[in-house]
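Look at the two complexes coming up: chain A is in both, with chain B in one and chain C in the other.
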Partner chain A sequence: MAVQIIKERNTGKINTVAIGATKEQGGTRTSIVTVGGDAALPFLHFEGEMPHKPVIAMEVQSRVPAQWNDVLKQPFADVLGDPAAWAKKCVDMYGAELIYLKLSGADPDLENQSPEECVSIVKNVLAAVGVPLIVVGCGNEDKDNVVLPAVAEAAAGENLLIGVAEQENYKSVVAAAMVHKHNVIALTPCDINICKQLNILITEMGLGLDRVVVDPGAGGLGYGIEYTYSILERGRLGALQGDKMLSTPVIATVGYEAWRAKEANAPASDFPAWGEQSERGVLWEAMTATALLQGGVHILVMRHPEAVSLVRKNIGALMVPQAV
Partner chain B sequence: MILIGERINGMFKDIGKAVQEWDPKPLQEWAKKQEAAGAHYLDINTGPNAEDQVKTLKWMAEAVQEVTNLPLCLDCTNFDAIEAALPVLKRPGMINSCKCEQEEIDRLFPLAVNYNAAIIGLCMTNKGVPKSAEDRTAFAMELVANADAYGLPFEDLYLDPIALPVNVAQEHAVEVLETIRQIKLLSNPAPRTTVGLSNVSQKTPHRPLINRTFATMAMAVGLDSAILDVMDDMMVDAIATGRLILNKDIYCDSYQKVFRQHS
Partner chain C sequence: MALTGLDIFKQLPKKNCKECGAPTCLAFAMSIAAGKAALEQCPYVSEEAKEALGSAAAPPIRLITVGAGAKALAFGDETVIFRHDKTFCHPTGLAITVEDTLTADALAAKVAKVNDLKVERVGQQLAVDLIAVVNASGSPAVFKDAVAKVGSLTELPLVLVSENPEAIAAALPPVAAKKPLVYAATADNYEKMTELAKANACPLAVKGKNLADTADLVEKIAPLYKELVIDTGSREIAQVLADQTQIRRLAIKKKFRPFGYPTITFTSAADPREEVIQASVYVAKFAGIIVLKADEKSQILPLLAWRQNVYTDPQKPIAVEAKIYEIGAVTPQSPVYICTNFALTYFAVEGEVAASKIPAYILPVDTDGTSVLTSWASGKFSADSITAFLESSGIKGKVSHSTCVIPGYTAVLSGKLKEKSSWNVLVGPQEAAGIQAFAKANFA
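Let's turn to the complex of A and B:
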């Protein structure tokens, strides 16, 4: 007797979000990136289509990231002071499909770069690379509320992904995205209920759900990644069952989470049993990324080129349809 | 929880009049209102006064579909009328309803399969509604076996254990609840369940309260859908809340509003 394979019949699917705009679309990008569209749990190709593969955005900062350890700084040693050159290296040498530009230098406690300086940095990066851009603020709400609208206006037509919108501070970035036609990252730290509510608040302002990507606030490997996985799984199951307010694609700041772990930073002399620090940090980032891929992350924001290369290989293998 | 809006029915005076005068406006207004209130399907019923049910049901389906994309639930005891209306549906609809009589099953199940329609199977025969959960479930099983034989997917079979008014047939409600629980065990995947909700409160002065209390209790034992007054806001709120308690929808502060925006 033939075995009948039981397959889930999903009623919903993840939205697709397109980032970037080519010349014909009013921008200057040479490629665009589309994420989402998944109609099943991650990589279960036999249950539903997964039309777009997960992508890796490489992180560039608008200031020299003094706090990064030497292993992480080494591949970019020649470009750390020049965001445009840094972005170009990520694309030309390491094959980044997107650039994630963090305007960390705008932080009033650091370089306190003005909105005009930030705009000029964004424009330089846009000029240096052809891939689509993700631009996020420094994390200081008041400053970001000034900087992000200026960036959105200056980059009108480029169809950026900008962020972040949070429950207590979402209006100015969402308004800027609506006026200048960009996409928004909605950040909720490990809380599926607030994630859903924030999507509702954003759509009530008038931004379409097809312009929202959520950041569930990832935890790094060893630092709460299992909570992130549960949130991702819950959200994905909700979306597949037809919950539109949870059917937004997901972005995760993998590099940020992995490289602040003690395991990525402690020298081998402190913990001889842990092995070489250089390999350890790279693997910590790669393992964080691969675990989150299984939860259904669509855009992985990563830092180290070797980790990027390992994860890209993993994505390639996962996208091969399995026969069941 | 699939909500089937009951309002486009010739039993209501405004619809009955519209049907007699071939005036599509009242039908279309109620279609839009019920859609905004959260309906997933719209029930359409010619009522008893339509001269030609075959012609009327088809006309009603076409009129309603001019203003909504919601799927329709063709509610008619005249099977020729259902057969005439099925081809004009833009989205797979629902047939309402089929008693557990082989003659009806043999007429309607092939139609459902042919048009990818769902069908409501009643746990009763021409002899009436049985009292016990066991007898209701036996009819349900017969309908499930027929679905299997005709190749109708179990998810497209909506079994209605038949709710009766609590003021005259009080002993039935608890049997209905038990029947719903048992229906969900009959097959894998399980058949769906539905109920004509407003029946349970007929001719009592407390209709909304009785309806929504029954609805949430029935949801807890496996009720998947109901034909109901979707304009009853407190009812829809109670159903949205029931889905939270059953962990079917993920909580957020605006959950009542989101529940209505499903379609």
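Let's turn to the complex of A and C:
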């Protein structure tokens, strides 16, 4: 009995989204990043093309992340107070393909940085690195609705990815992206129907789907990641069957999810069965990433350089052509 | 190739005796067609019917058992390609290698270390499942001794890794009662290996050079022996992913018999961290057993957690035990948060409460593992059930106040809860993400 290989005939594929703009394109980036275009399930090269490999964006915050544990702070100990230097270190030393700048210091409960301060931080980071930038707000809706439009205007031409747009609060960030020609992150925590709905709302405002990246609200390893994994698989299958509103590339905040797990933070003295803490934390983040990659993620937002290096190697190995 | 329920029904005795567990012969036939039952469960089926239905009546992937006793590992018998289609059933077995070149002391230390790779998570005992003894020495006598020694030091089932029939012939019979997996039959040795596995009634791995070659080899062995596990011989991640995907698809969608067995894979990276990352791909994509060298708790824990997640039944929400959880250094003045015992709800609340740095008690009410809105809608999260839990949990003996926080989405419960429980009720944020700001505003 000969083996009759099964290759699914997919009618749809994932959109491509380009982030960043070079001088010729009206920006100042030295590289741009294109994601998406997948015409098959993740890494099944024998079935359909995967023209762009998944990329890693390294996370930088606009305030010293006091709550991060020492394992995570150590590689950046010399730059945590300076977002531009932090970003530069991520690119120069750790090979970040994008920088994900979280304007956490804008939070009214924390430093309450003004929109002008936020704009200046974004400009400093843009000046310090040549890679494309992702900029997200602090999570306070009212504040973000003031900060993000200011950032979008100041960085006009840079073709940022900005966020986040949510079902209850998407208009101001989408409008800012439209006016100043940026891309938007649409966040819908673990709900495929709301994900579609939000994409419809965003496109109805006039922003093209080729400017949207969705964040399915990753559950971390050990804490509900299987929900995200199955939503990713269902979304990808929907896209491959031609559902345009599910065809947007996916971003996942891997570092945030992984490093809030107890397993990434507790010392071995508290849990002897868990083993050495720093390796455990690094692997917790790396495996959160590689698990989600198998569901179908295009941009991984990560923190620890050693986890980044492990995941980059995994992506490289998964992009090798297959004989079937 | 696959038969319909009616095709199968025609061959059954139509006695409706229920001895197979199904209410009628027709229902039994439908279960067989869906791959959920095996023809052998019918005590009255005729030999002719068995012949006629043959392989089409078997489940798409055979259930194979390695080991004997409480730690025996059953794997295979999967029925779907995507976990959201139903569920994955038999979690991937993790095997850690032990080489027969180790000195007696080193070998004993290594086995003790592997035995200790276990942990409890979310109420489940998680552990590595097998020890793979590798005939690195090349000597049948050394292999025999090492296998016997490992067998005496562990309750975990064994994999005997040697392509030399002489080594297997030496090592297998003394431990045959433990039902180790023999790895592996190849094109060069399969006649002898099959004979050995069959004579000792132990499962046998079949190792080919690629998909087609493996199918050919299985077709030669299967008529002689069916307790098989398959390995396409691929070791690079992308190729293993492709092979595993094809095996699962062909077994489920086409009932392609040569691939109707669970698989075994080996990591190839030298660095143990890279190994477990490689293994994370195989856990997601269909491996029956993964053999790896990594043996540190910090390396194995993430893999155990990922396996637990992938093999969680999506149809059954995971619940945490309904009891008092103390977060941080609590005092009688610490706040009391109420939520449901849906694991995701609880862990989201726990994470945010911990991050608020304000020690607190969390009381997840038993809602059969359903979320806040679902359990509120179904009446499982109500003023009555919360009041009952405030009484039964014993929280009154732990705090000196009587104020509790309920989820913002169930603000409507606050009046009635106040009345029933005589607790003061604070309405918390709708999403767990709001807890830190809420705690700071109310309890700092």
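We adopt the following convention: the second predicted complex is superposed on the first by the 321 of 324 C-alpha atoms of A that agree within 3 Å, B and C clash if a C-alpha of one lies under 4 Å from a C-alpha of the other, contacts with A are read in each partner's own complex, and residues count from 1 in each chain.
Rule of thumb we're sticking to: a residue touches a chain if its C-beta (ideal position, glycine included) is under 8 Å from a C-beta of that chain, and two chains touch if they have at least 3 such contacts.
Given the structure is predicted, the values throughout are model-derived calculations rather than measurements.
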Clash or fit, chain B versus chain C on superposed chain A | fit
State whether A:K196 touches chain B only (first), chain C only (second), both chains, or neither.
-> first
Check whether chain B or chain C contacts more residues of chain A in the superposed model.
-> C
Once the structures are superposed on A, label A:R234 by its partner contacts, choosing first (chain B), second (chain C), both or neither.
-> both
Which superposed partner A:S269 touches (first chain B, second chain C, both, neither) = neither
Put down the vertex angle at chain A formed with chain B and chain C, C-alpha centres only, nearest 10°.
-> 80
Give one of first, second, both or neither to describe whether A:L246 is in contact with chain B, with chain C, with both, or with none.
-> first
Kindly classify A:R9 by the partners it touches after superposition: chain B alone (first), chain C alone (second), both, or neither?
-> first
Go through the superposed model and pick first if A:Q322 touches only chain B, second if only chain C, both, or neither.
-> second
Per-pair minimum CA distance [chain C against chain B, superposed on A] in Å = 9
Chain A positions touched by chain B in one structure and by chain C in the second | 234
Can you list the residues on chain A that touch chain B in the complex?
-> 9, 192-194, 196-197, 200, 234-235, 238, 241-246
The answer for chain C against chain A in the complex is residues 82-84, 118-121, 210-212, 215, 219, 236-239, 241-243, 245-246, 249-250, 253-254, 256-258, 273-274, 276-278, 280-281, 284-285, 296-303, 305-306, 308-310, 312, 314, 343-344, 347-348, 351, 354-355, 433, 437, 440
As the complex stands, chain A meets chain C at residues 1-6, 41, 43-46, 67, 109, 139, 219, 221-227, 229-230, 233-234, 237, 260-263, 268, 273-277, 279-280, 282-284, 286-287, 290-291, 294-295, 310-311, 313-314, 317-324
In their shared complex, at which residues does chain B touch chain A?
-> 155, 248-254, 257-258, 261-262
